[in-house]
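In the two assemblies presented below, chain A is common to both, partnered first by chain B and then by chain C.
== the complex of A and B ==
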């Protein structure tokens, strides 16, 4: 078994090309972490160009009416070929070497990011997108970045998470009575799982340096109510650094909106990777 | 096989999906076609709207976000638009940089010429910005061009700036802008 690696889920839908996003993410990982091992799980056979950057491609056809990513992501623990796995959403970019992250994660068997930053590197205290969590006192977990080590503790957690997801309507009714989401969400399901197992302190740390730049507009502290963050700022890549607006980025960026991922940005990442190797 | 979504042109309500192109229909991808045919998505869940920015009809899923409002928003990347670099003049608005002699000029050609000629004005100025390569935050210089008269109020950029390590940004008013690097 390979010691550590990255797992990305990329199930294309009729309007979102998640595989393209996963490709950009993989390019950004390899740019700063040349020895990284990356597995993508997808419902679409990737084109040759994409396959080069992934070390392992698992094609799994999704069923009609499936919960798409959610349905597939419950298999992450079983499907991962790594002893230690970082799982990230496809619409993420890595902006630095993650060796210190791996070192920190050795302290945990399971880890979830639980705080987010603005693109100006300030911790965001907005609860605009987290009402379900606040009102129902759920752990504020983000599946955008999670980690697990193959262990009994993690196996128990993911078995429980599977039960929650497979019966999400029942669990949501019981554990999120004050503000219930109408769809099955990985974040809410993971939070309910953690609450059931009373393990929030063992799987996250709010004050950790491991957090995510979350580009949803209401997280940014803007006084103007933008519907989309991409109408307010641009994402640029210059001299192997990412910039949002005029702020240099660090850590990982959850860009959410497809407008940020231009074809030119992907070309730049391809060229930067070519010069690295 | 290419699939088409036929829709009511007045209401935008979808009528049918199939391989034959109808008078009011748009191309859709295989994933969406298969989802509708298999019954996992229903036609009533979609609406076809005209996108003013893209100048074409697009399929929207009802209830997923505020679609009409979103469509009308201009991405910041259109206001801070990085002009793509090419090595020869193309149809559109070309900002030509002679890197060897550090000279700049404007060349407008193709269909855009007719569009510009239809404007009843003596001048149509547009601003362009010379920045560090790929980074709109580090401004080296700015200049304006008269798209009607073909005038460009910059001849060279400041000394001390590497002519090859720059980008050109502008507001994307027309479809095709090019930063032509000659003698690069």
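== the complex of A and C ==
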């Protein structure tokens, strides 16, 4: 078994090309972490260019009506070829070397990011997108970035998560009565799982440096109510650094809106990677 | 190491910045006990109108009058606003113009009423400026400014700053000049709506660039004390025994004001027209 690696789910839909996003993410990981091992789980046979950057491609056909990859993502623990796995959403970019992250994660068997930053590097205290969590007192977990080590503790957690997801309507009714989501999400399901196992303190830390730049508009502290963050700021890559609205980024960026990921940005990442290898 | 304060005063048709500078300098001398030099394109105005007060200044540095195209709105409380020429372009020359090794630069509408700023010279920092400021209007929150624009960087106030001459501060002022010369480009890059060149914005951009496009850095450091200010929508009514009385405009009800007073506190008074009236009342 390979000691550590990154796992990305990229199941294309008629609307979104998640595989392209996963490709950009993989390019950004390799740019700063040349020894990284990356596995992509996808429902689409990747083109040759994409395969070069992924070390392992698992093609799995999804149900035609599958929503938000949730049905597939519950298999992450079982499918991962790594002893220690970082799982990231496809619409994420890595902006730095993650050695210190791996080192920090050694303290955990399971880890979820639980705080987010603005692109201006301020911890966001907005609960605009987290009403279900706040009103139902759920752990504020983000599946955008999670980690597990193959262990009994993690196996138990992910078995329970599977039960929650497979019976999500029942669990959501019971554990999110005040503000119930009408769809099954990984974030709410993971939070319910953690609440059931009373393990929030063992799987996250709000004060950790491991957090995510989350580009949803209401999270940025803007006075104007932008419907889309991509109409207010741009995402650029220059001289091996990512910039959003002229702010140099660090850590990982969850850009959410596909508009941020331009073909030009991908070309720049490809060129930067070519100089690394 | 020589220490001092420099003031910039470029008159337009209606605002007598030179007279403001005299008032400002007298307050500096009273509380900070520092020499004050004046950088002005209106040196003749000083000699013709205030011949007995020239000695207020350690040095008068005369600069060439330039044709100014940008116009700024000058308000006087809730009264009618005026659009007047606004020459604020030579602040970036402070490094080359100052006769001192350690300099405090301040706006002529910043009125010193205590010795807080003397502490600049006791600290070992090369550049100090305020980022956070306190608006004296108790209900003026909607008008407060924190960023150069909604989506952009935090704003530093170029109202007052301290610098020590060294390689880094020299680079900073060169960068500032570059930003000024290419303002159309930088205001676009930093998503600033205003066409006018504003020193607060240019300083904020230069600091952001000097810090590698990152915020939350440890340079520059904060000036001692707090920057208190009132806007040109507010009125300054009185200044007696180091106590200012302001009428602060109500953002929710036009034409109504609430009273605020300060004692022994330095204040940036942006209503220049009201400040002129006040200074006239002080006998200058």
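To be clear about the criterion, the second predicted complex is superposed on the first by the 275 of 277 C-alpha atoms of A that agree within 3 Å, B and C clash if a C-alpha of one lies under 4 Å from a C-alpha of the other, contacts with A are read in each partner's own complex, and residues count from 1 in each chain.
What we mean here is this: contacts are C-beta pairs under 8 Å (C-beta built on N, C-alpha and C of every residue); 3 or more make two chains touch, one makes a residue touch a chain.
What you see is a predicted model; the values in this text were computed from it and never measured.
**Q** Which partner chains sit in contact with A:264 here, chain B, chain C, both or neither? Use first/second/both/neither.
**A** first
**Q** By the touch definition at the top of the document, which applies to A:178: first (chain B), second (chain C), both, or neither?
**A** Neither partner.
**Q** Answer with first, second, both or neither: which of chain B and chain C does A:223 touch in the superposed model?
**A** second
**Q** Let me test your reading of the model: by the given contact rule, A:232 touches which partner, first (chain B), second (chain C), both or neither?
**A** both
**Q** Using the superposition on chain A described above, determine whether A:243 touches chain B (first), chain C (second), both, or neither.
**A** both
**Q** Chain A residues in contact: does chain B have more, or chain C?
**A** Partner touching more chain A residues in the overlay: B.
**Q** Quick check on the superposed pair: does A:49 touch chain B, chain C, both, or neither? Answer first, second, both or neither.
**A** Neither chain B nor chain C is touched by A:49.
**Q** Looking at the overlay, what does A:159 touch: chain B (first), chain C (second), both, or neither?
**A** A:159: touches no partner chain.
**Q** Touching A:106 in the superposition: chain B (first), chain C (second), both, neither?
**A** A:106 contacts neither chain B nor chain C.
**Q** Does any part of chain A touch chain B in one structure and chain C in the other, and if so which residues?
**A** After superposing on chain A, chain A residues 232-233, 243, 245-246 contact both chain B and chain C.
**Q** In their complex, what parts of chain A are in touch with chain C?
**A** Residue list for chain A touching chain C: 120-121, 220, 222-224, 232-233, 241, 243, 245-248.
**Q** Which residues, counting only chain A, touch chain B once they are in their complex?
**A** 12-15, 64-65, 226-228, 230-234, 236-239, 243, 245-246, 259, 262, 264, 268
**Q** In their complex, what parts of chain B are in touch with chain A?
**A** The touching residues are 28-29, 31-32, 35, 38-41, 59, 61, 66, 69-70, 73-77, 80, 82, 84, 132-137.
**Q** Spell out the part of chain C that touches chain A in their complex, as residue ranges.
**A** Interface residues on chain C, with respect to chain A: 150-154, 189-191, 208, 212-216.
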